[in-house]
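Here it is, the structure in full.
A, B and C label the chains in the order they appear, each numbered from 1.
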Amino acid sequence: MNAKITRRHTLAAFALAATALSPFAAHAEDVVKVGVILPMTGPSASTGREIAAAIKLFQAQKGDKAGGKKVEVIIKDDTGVADITKRLAQELIVNDKASVIAGFGLTPLALAVAPIATQAKVPAVVMAAGTAIITEASPYIVRTSFTLPQNTMPIAQWAVKNGIKKVVTLVTDYGPGIDAEKTFVATIKENGGQVLDSLRSPLKNPEFAPFLQKAKDLKPDALFLFVPSGQGAALMKQVSERDFAKEGIKVIGTGDVTDDEQLNNMGDAVLGMITSHNYSADHDSPENKAYVAAFEKANPGLRPNFMSVGGYDGMALIYAALDKTKGDTNGTKLVEAMKGMSWTSPRGPISIDPETRDIIQNVYIRKVEKKNGQLYNVEFSTMANVKDPFKAAKAAKK
Amino acid sequence: MLTVLFDGIAYGMLLFVLAVGLSVTLGLMNFINLAHGAFAMAGGYIAVVMMQRFGLSLFWGLPVAFLVTAALGAFLERTLYVRLYDKPHLEQVMFTIGLVFMSVAGVDYFMGASPQIVDVPQSLDGNIDFGGVSLNKYRLFVIAFCAVLTLALQLGLSKTRFGSRLRAAVDDSRVARGLGINVTTIFALTFAFGSGLAGLGGALGAAIFSLDPQFPLKFMIYFLVVIAVGGTTTITGPFFASILLGVADVAGKYYTPTIAGHQIQIGGFVIYTIMVLVLIFRPQGLFGRAPGK
Amino acid sequence: MIDTALHATTGGESRAMAWFAERAKWRWPEFALWIAAFALAFVFPSRSALFNEVAILALFALSLDIVLGYAGIVSLGHGAFFGLGAYVAGLLAKAGGGAGLYSDPTFGLLVAAAVCGFVGYLTSFLVLRGADLTRLMVTLGVALIFAELANRMAWLTGGADGLQGVLPGKILGLVEFNFMHPEYAYLYSLSVLFILFIVARKVINSPFGVSLRAIKGNALRAGAIGINVNRRLNGAYTMGAAYAGVAGALLAQTTAFVSLDVLEFHRSADVMLIVIFGGVGTLYGAIVGAAAFKLLYDLLAAATPQYWQFWLGLILVLLVLFVRGGIMGLVSGLYARMTGKGETP
């Protein structure tokens, strides 16, 4: 054992020496570079921080070896601006010889990179952005986060089952919000329900009051909400002001609204709110208990949210693919290896759909409850192995 | 309908408290302080820290936020801003933007990037019915509080000795100096007071919209709109401009007119269209006096 | 200096001509700068994607310097033209599908310049009146309305998802953009910047440019000596808008993507910072400012991806406290000390 380690060390030392001596060996064969592009500053910074923390945790837990090679992660900040994301992706591939690129906090950022991934034949692992169409933009895009239709459909079906007939939707006016709205409206209408109004609030909007007031004045059975990660607290603050419960209006939404990262700050007003989502920090499994404990230990005061788990699983997927190809970094082979991969994540069983390269996962219906003085999304019903309904419907048409 | 008006007024009142300090310093020293929002953010975070770390209620958070940001304003005015009064406008812009960048990253470093939430005191939670219209207690408190504040400001400006000196200095600082008024001291005090008000507004607003490190950048445009429309020569100008803006913004989002069968969301356009139109027809602002010099 | 110019004009045509010729003369640091800029593509081809961003930003800053530094119009909404140019070029390249006239990059630049120049001319009437703050807010308001329009017209612009399928054709029908060779894109953008810079330099040193400075110095007096102030301002604003449109078009073509953030407030604010950072009303300030800003950002963001803003802010603050006139102020101070001569162009 000892001898083995020493030998490996000697080898590593030789490799290092070789790298130092020859400029052409700068990208030594036994290092695999993963370029992660995230919004670390700007309005979406919290997404970037959660994912970066999860990636660091993954490497701390599982080591930096996969497929017999050393995995080196390079994190870059794109401030959430598409042309910078694209340039960083280009530099990571051309200069740093990254074998995999990953991250992508917002839909346009992922879409901007798609042509590069295709041309360079480098896998792009989407760890955050949630618009359905992203995986169709390039055959090298694989997603480990979620899609909005996937997370929205279960709550719409839950609403139908629970006798909700008239609804109003309020979503943020950008790709994922419109995806959520469309899915919810379609499901309600198919089941004979009625959509009184579909409201969209601007992406940069500190004031939700007029939209909420309008929703209240329309007197629906339920109000469906979606806002991107990071805006949930502000929205729920204003929702609680309006006293929807008194008018008999149920407030439901996707789990983005009751984001684990902020849930505790939202106050008792969100107690009892029902949402559907792919991940809750309260998910009852040994994998998740270990994950949450380790994450909170490494990042005091920060609770892991669905973004973090997208980053964690993204790393797990990259490691597993490298193991499968035995360290071969050919992009096409890596994507092939990723297709159909399945494993148990902190969020439950997940797999990569071999047809669409999108994630298949359980979506849970949850209710906000107080546990040990803290607010959690407590799961009470599961919809198993949900595929992205948007692409599933497309496939069915063909 | 009434609720929309009510929400709009509450929003406008908040904007006024946030922006009035900027308006006065701009009118007084012709100094463009784009870092004004950073003081508002500081006030908000001070309230958050008071409440989360020390368990105080918002009622205590407000005066503390005011005092600490006022002290911070006075300190920065004496050490940094004072060196810039004779520099061109554009260099002032670069300087204050630099301060904004530093404050954004600094707050991020100490408080994290995720939005902070301020809990409304128990007594102000919930709604009350007012002639069939349900009004939020906290917003009602914000309106009452800001109205009292505005009255006090107006009285302070028109009745006190300091107020008349300040008005004289705004009208013509050279002549005021000649009359033996210590404009430098007046400015330092006004700057500190304006910063304190911004901090107070930040603390008040944090309970309505969430607070994050991007706050100074997000609200910079709104402040500038208030000042451009309201003018910088009075405080009633920015006051009415804020109310107008608040109501227009809220109403623009509430009402979506239908044109040719399509719902047109005008929310994003209303404020800016109003502002551009106002400025085209009255370049000195809706309530500003044309420069008489 | 303006006074000498005007005296010269009244004093005699030949002396005026000599004065203009003297001003238009190229000096050695200018040659050195441009040669170095082109050489970068061959020395550091791997960093060319960043240099390309610098070149585009420099052109954008140059366009604002014409408006701000020469015509004296404080614009916080110059991003409107940048974004408009980007969408025009992007939509053209999309319509062409990678071949034919519509996808021809040069054609895209020309159309973008024409459209933005036209819109610039129309909106220039809004900024003729009012003080700095008024102009600042009118331009800002117009830009925000543009951004909202692009968001609403998702059927055309792709809305918040961004414009997909932007396929620019070969440059001059010869060279294809290749992401493995970012130096092609850089050389393309740099050439456009160089050509437009020469044009701007000529215009600034022409009687038109001198009259602009006279207006900036004192509009009332300039009017009194017979300069048609409003028409000169219209002209400068139109030119600035067209230049900004070309910069936006370059971005769309070299990144093959357009998203709503081309129209966002931060573009207008950043470019204004860059012009002040470099030195207002110097032309070179825009270029040096863009390079310094972008490279600083790149260095700081690589060192501390979370907190680079703090250090950038600190640099801005220190620059204002200790230097007058931005980087060009610093440079011309040093140059004067070195050569014992006056200021650089």
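Following the convention adopted for this analysis, a residue touches a chain if its C-beta (ideal position, glycine included) is under 8 Å from a C-beta of that chain, and two chains touch if they have at least 3 such contacts.
Note that the structure is predicted; figures quoted are calculated from it, not measured.
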Comparison of A-B and B-C by number of C-beta pairs in contact, larger one: B-C
Label of the chain whose CA centroid is most distant from the centroid of chain B: A
Chain A and chain C, separation of their C-alpha mean positions in angstrom: 38
Centroid spacing, where centroids are CA-atom means, of chain A and chain B in whole angstrom: 37
CA centroid of chain B to CA centroid of chain C, Å: 33
In chain C, residues with contacts to at least two other chains: 151, 266, 306, 308-309
Residues within chain A bordering two or more other chains: 41, 45, 49, 173, 202
Overlap residues in chain B, where contacts from two or more other chains coincide: 105, 108, 265, 268
List of chain A residues in touch with chain B within their complex: 41-43, 45-46, 49, 173, 200-202, 204, 206-207, 209-211, 213-214, 230-231, 233-234, 237-238, 241-243, 261-262, 265-267, 301-302
Chain A-touching residues of chain C, taken from the complex the two chains share: 46-47, 49-50, 52-53, 151, 159-162, 164, 179-180, 182, 251, 255-257, 259-262, 266, 301-302, 305-306, 308-309
For the chain C and chain B complex, residues of the former touching the latter: 68, 74, 126, 129-134, 136-138, 140-142, 144-145, 148, 151-152, 265-266, 269, 272-273, 276-277, 280, 306-310, 312-317, 319-321, 324, 326
Residues of chain B that touch chain C when the two form their complex: 26, 32, 80, 83-84, 87, 89-95, 97-106, 108-109, 217, 221, 224-225, 227-228, 232, 265, 268-269, 272-273, 275-276, 279-280, 283-285, 291
Of chain A, residues touching chain C in the complex: 40-41, 45, 49, 75-77, 80-84, 86-87, 90-91, 93-95, 107-108, 111-112, 115-116, 119-120, 131, 133, 137, 173-175, 202-203
